[in-house]
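Residue numbering begins at 1 within each chain, and the chains themselves are lettered A, B, C and D in the order written.
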């Protein structure tokens, strides 16, 4: 099947159509259809994995004209490479889990809920596979809408504030990116670019000053989504208020959009600016790591704590990306997956106890281990994965990031960031201890039931992945490597040396000026002449 | 003067104004028919009008791609005018569809409504097709005077009276400026034919000719009033709030488009040489209009008033495209006005339904719980709100994309940035409606209304029109491009 | 023809008077009259130009303006009556139900 | 030829999986315990076979890498799951699996009837697995896996009684403090990897590769940075100043855990790591001195605290810290073999001591439980005179105590004395040697003192247990006593594989087997030291003299203990009342925990709270919400321009017209 990507992406929409024909009240049928849809989507995504050739090319490409009017041409141009491959799989993998996670928690308006979930899945998959900047933007924004409803309708007490904040926060960033996107396109048209296909833009030699602005606009949009310090404050609110599936998807997939955006778009498109911004972004990433850890430490709400831990984890990912070498980026992409799995699992875990006790305050718990031994084991494993214990997935990613960072110009940043491993242990274990250990003194906790079969079934795939990725990550890495090399080639700004080592060891601060052989039309475009409105 | 009658009639090509003729004749016929139609059955008039509108539409479309002037070059049939005529007809059609239910409920189901709508439409179409200052003026006045009536149509409602009166006084006032401007232009160039003026602008010194400059700006003022650009926007909220809701819907879409049509033709055909001047002005006005509209809308509880301010903001977005002076921006205006017609009238259609007799102007709070009691209706409203907010994949997004692209293309980056930031701010109040519909528990059961067939049709058409061009906009965009190229 | 300017000045003054009248008067009918004054100032301009330029377009325009003004008057006065019926006033200060 | 080395860690892993996943279903303690013990024992067997194979090789070839699979490759970075079998790792394998087996057996008896019996064995197996990875991993990263893995198991086992808050706290403290050390380990790895790759194009973290290229490293400089980082890791894992405070708290765990993890194996990982990296450490005199001085200070400092503790396990814990200090002295003065030697002998006698104390506690607990007393079963003030109830335990305990006190002929004497001699005579640190040696010797005195204090308070004198309980005191079952006997035997004879040359010569040229055995591992370091340090010649008489001195010190310590706790037990009380502040300070462990709380923990929490409430909520969200509010407020203001009055609207329009035209006219 040559259009497997499209099939996979729009399968959830088929599910939505099916759901529309199911009467409102029949929750069982609604849930089943949604579950089957996501599972089928997952199965449909597997041929992508098996058919994937380990090289740097975009694969399963579909490229047909979509919009063509005026100066613009947008194409339905989709495909995957090593960077998006695992994120796509992660998405299809997480979605059935997300559907299952609120199997019983959402009793109200099940139909609408499931529809939101499925639309969200399509939007996320679409964003990951888009090779057309405009198409990407459409999916990118489309994601907001179902998530907005999920938080707003099925969220917690403070959901209104959270959801509006989430929406507008992310929108402001995206809209500025839109302006940059348009600007970029018009820059491209001067060198003969005819549509929004991503590949065209790589060879654009944009002058550094322009790059700075464009990068800033792209980076803002992605940084909000990541979220990076200091534009992270929507995250704790959104996470806290979202229903479990919402939090899971938000953490596991949507945050990845931000980092994905950086590596897919911002960095290869604007290499000079990438280098120029590296210290700033690395600084923010490192601040994020430490800051979020400190803040997480004093949280009283489990979910908020996990949310802040996300900020810290994503800080690592950003650091890895901007190490701009293979280890760092590999680590970052792995950490993307890892964070999706571990933090997704953590949110599920929080969801389990919230469903039972309807509170998320740490102080309301204590000693749950006694009452819920299976839960305790699972929670423990996930916690350890989150603190990047070797043998679990978190370690591989974090370690590669730090190695990469250390080898790059970000050595000092990396050293500071490494201390994040200590803080992570502090806040996660402290939380774990307060929730699971101690006396089981709260009478409400004494009647808690351990996980049921459904809940265990949700967690098992995640636990398996935690260990698979921790012990044998190489197959995952291998599939990414060629694409990562390509990205690095795109972000490299000095003339390509013959050295095999793909590492710009020391910050190429002196190479701010574009090399001489880039004599190709680099035009300082400040005031592009407006198109003449045709008279008569 | 020797008048050769035969020659005169040779210059008259009725085909050029055939849609207008159809509607005018139909309107007059309906005025007569109305006398014999019992007040309960005025709905038939609506269907008749609709048939006429659709017929006019078909007739109009046939001219696509050609440019035919007639009436001594005072009216033209070109793709540009046809595109706009489609917008007007669409607005009129949708307005007609949603009128009967509202008017019956509010006990002002006078049959004259439909003819007046048709006359308004004729006026607007004339504006878009006019190539003579006189025809522009005539079209404008035909439209305006009809609109005054429509705004004050509900004679028993104080608010409707007030709306009509305000609109009338201010509209007439602005007409004064417009005419004075036209007089000055005429004085400088000695003609009222647009084509001729265009040829003379540079000869008389272009922007260096003060009188011409003043004339241009005064004329512009008249149009800016119609499209509700700040600081000529003040009438908008009051009139929109007071007018009967279907008429608000109509006048938020149609006349605004008509104003843009005339303005586009005037500035692009007549004054391209003075682009530096009007472009700067529109830059500032765009910022002012967007900002005033959006910021004020943020604080509105009355949903109609909110949409009124939002319509000001939308005029601002279009001005962004206009200020750019690029084909992209211009075609964006065309596309945007079309999609705006869908989404805004759609939103008003929902308001028509939710309103209760005697208190047709609900607040946003009145929508609490709608999402759960009337899911389809709420879904439609959601589509309209997201489209107004410019979220993908709606037509509103594509429209804004083209408008802002125009600005970027012209190098007006900051204008585009201010535009998108405004757009982000606007999201708040559109979302607020959604917040109430879905996220707030409502006590109301929303059982006091049925969605009548015409309104349902209008809703479906509007929703489709707000969504489909968002996903496959290519064709419409190409039409808009062609339309802009041909003027 | 030097005295064109005189006509123009007169018409400009008339126009200004009309404008100021609209801005300052509170009675709707008086305001409408002021608007009529503005339109007539425009008419004067048109006629003056028409005469000056020696073509009739301006004068034809004036006919249209007068016709339209008449139609406007008909509609406007009807509206004032409707307003008066409801509010027993024609003072525009009373037309302030809708604001903010 | 070492193809089945992977079995060594595999057995405990299987044990862990069986017990962890199915243990709850199995329920039968005997089966669970047997699985656990058998798993480790199987590893032991394989280890022995491996050992035999290894010593069958010529000494130059005794270093074998066995790759299982590629773990991760990214750019220049590559790490395999691969094992390194050489004399050092083999020795560690034997110690870990051997003592591990004994402690597993012991645990079957000790943990009898405990809730979550299966959990205990699962954890214990997991620990052994991690520890084996640590010692056999052929690269830094795999070692780090084991390194963190043992930390995890330690955390889990300390927190075994999770319903006790103190247990949870202690577990967390252990983990976090270890993490601080791990931070150093990581940084060391990064710097090492980066420096070598950057400057010499050799991107590797594999030990043999690194050792091969050891000569590329300079003296001092970057090596100091690297080794100090690694040493930070070692202080965390091996409970040295400043990261030692977790170890005494770790006594919250069940006693077998203390024996296995917190005495015999895990805490020595730091020492092992320095041994593994000896070729690097030796190249940084600064680090070597740091290691030695920190070791000496810890040895002394912990010993002082040990003198005033009443909890039997805490005394042993501080003793462990102190003894680990000795090992670091050994490492720091370049006496790597001696350090490893002490690691081994310490494993024997300290494991024995802990297990013995466990037997005591077990017995005490049972007795107190019988009479429903809530007295602390671990408090020595409640004990006394136990030797007549538990003669075998007493015997083994005494042997081990003598060994640790450094009485000649027992294993502790050989290893400790070797370290002290090297501390005195090594060519590295010049005059600082005196300080190191002095602290070491003082610590030896204190060790002899507090260990015998422990013995006297526990086993001698009158029985202070609550009346009525004494008849319930009894010797432990065989499953507990057997490991004690084995360990005591080892504590007794274990020292004879490393007899110092001086003594060996006297007794007819008995060679120092251990030194020969470990020689290839430390060859590089020793060569470097021989080449770069001035060997001062020390006369045999000096060595004899010092040996004699340490014997004297041991006996003096014992004598003081005897005087204070047997002959005239009123003196300590007088002493404490004479120097109450000093006693309180020592008793409260010099207030180090409080200091850490005050200096680090609380500021962090306050900072976190401030950042959250102050920065996140106030500043960032404040700006976000502030922008929203300003916009809203602005909207609120400009809406009032919309007065509803027509003439205002007309004014606005006129204003617009005038401004526009005015602007263009006068521009």
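A few comments on the model shown:
Here is the rule we use: contacts are C-beta pairs under 8 Å (C-beta built on N, C-alpha and C of every residue); 3 or more make two chains touch, one makes a residue touch a chain.
The chain lineup, named per UniProt: C = NADH-quinone oxidoreductase subunit K.
Values in this document were obtained by computation on a predicted structure and should not be read as measured data.
Contact count check for B-D and C-D (C-beta pairs in contact): higher for B-D. When chain centres are taken as C-alpha averages, the shortest distance to the whole-protein C-alpha average belongs to A. If you average the CA atoms of subunit A and of subunit C, the two centres end up 64 Å from each other.
Centre-to-centre spacing of subunit B and subunit D amounts to 79 Å, using the average Cα coordinate of each chain. Between the CA-based centres of subunit C and subunit D the separation comes to 97 Å, rounded to the whole angstrom.
A separation of 38 Å divides the Cα centre of subunit A from that of subunit D. Of all residues in subunit D, those that touch two or more other chains are 628, 639, 642, 644, 646, 650. Looking at subunit C, one finds that residues 19, 22, 31, 92, 95-99 touch two or more other chains.
Contact with two or more other chains is made by residues 165-166, 169, 173, 237-238, 428 of subunit B.
Two chains count as a pair here when they touch; such pairs are A-B, A-D, B-C, B-D, C-D. The part of subunit B that touches subunit D in the complex is made up of residues 165-166, 169-170, 173-174, 177, 210, 213-214, 217-218, 221, 224-225, 230-232, 234-235, 237-238, 277, 281, 292, 294-300, 425, 428.
On the side of subunit B, the complex with subunit C involves touching residues 133-134, 137-138, 141, 145, 148-149, 152, 155-156, 158-159, 161-166, 168-169, 172-173, 175-176, 179-180, 182-184, 186-187, 190-192, 237-238, 241-242, 305. By the touch criterion stated above, subunit D contacts subunit A in their complex at residues 20, 24, 69-77, 81, 141, 144-145, 147-149, 152, 155-156, 159, 162-165, 167-169, 171-172, 175-176, 179-180, 182-183, 186-187, 190-191, 193-194, 197-198, 201, 604-605, 607-609, 611-612, 615-616, 620-621, 624, 628.
The residues of subunit D lying in touch with subunit B in their complex are 628, 631-632, 634-636, 638-639, 641-642, 644, 646, 648-650, 652-653, 655-657, 660-661, 664-665.
Considering their complex, residues 195, 198, 268-269, 272, 275, 324-328, 330-331, 371-372, 375, 386, 391-393, 397-398, 401-402, 404-405, 408-411, 413, 416-417, 420-421, 423-424, 427-428, 431, 434-435, 438-440, 472-474, 477-478, 480-481, 484-485, 487 of subunit B touch subunit A.
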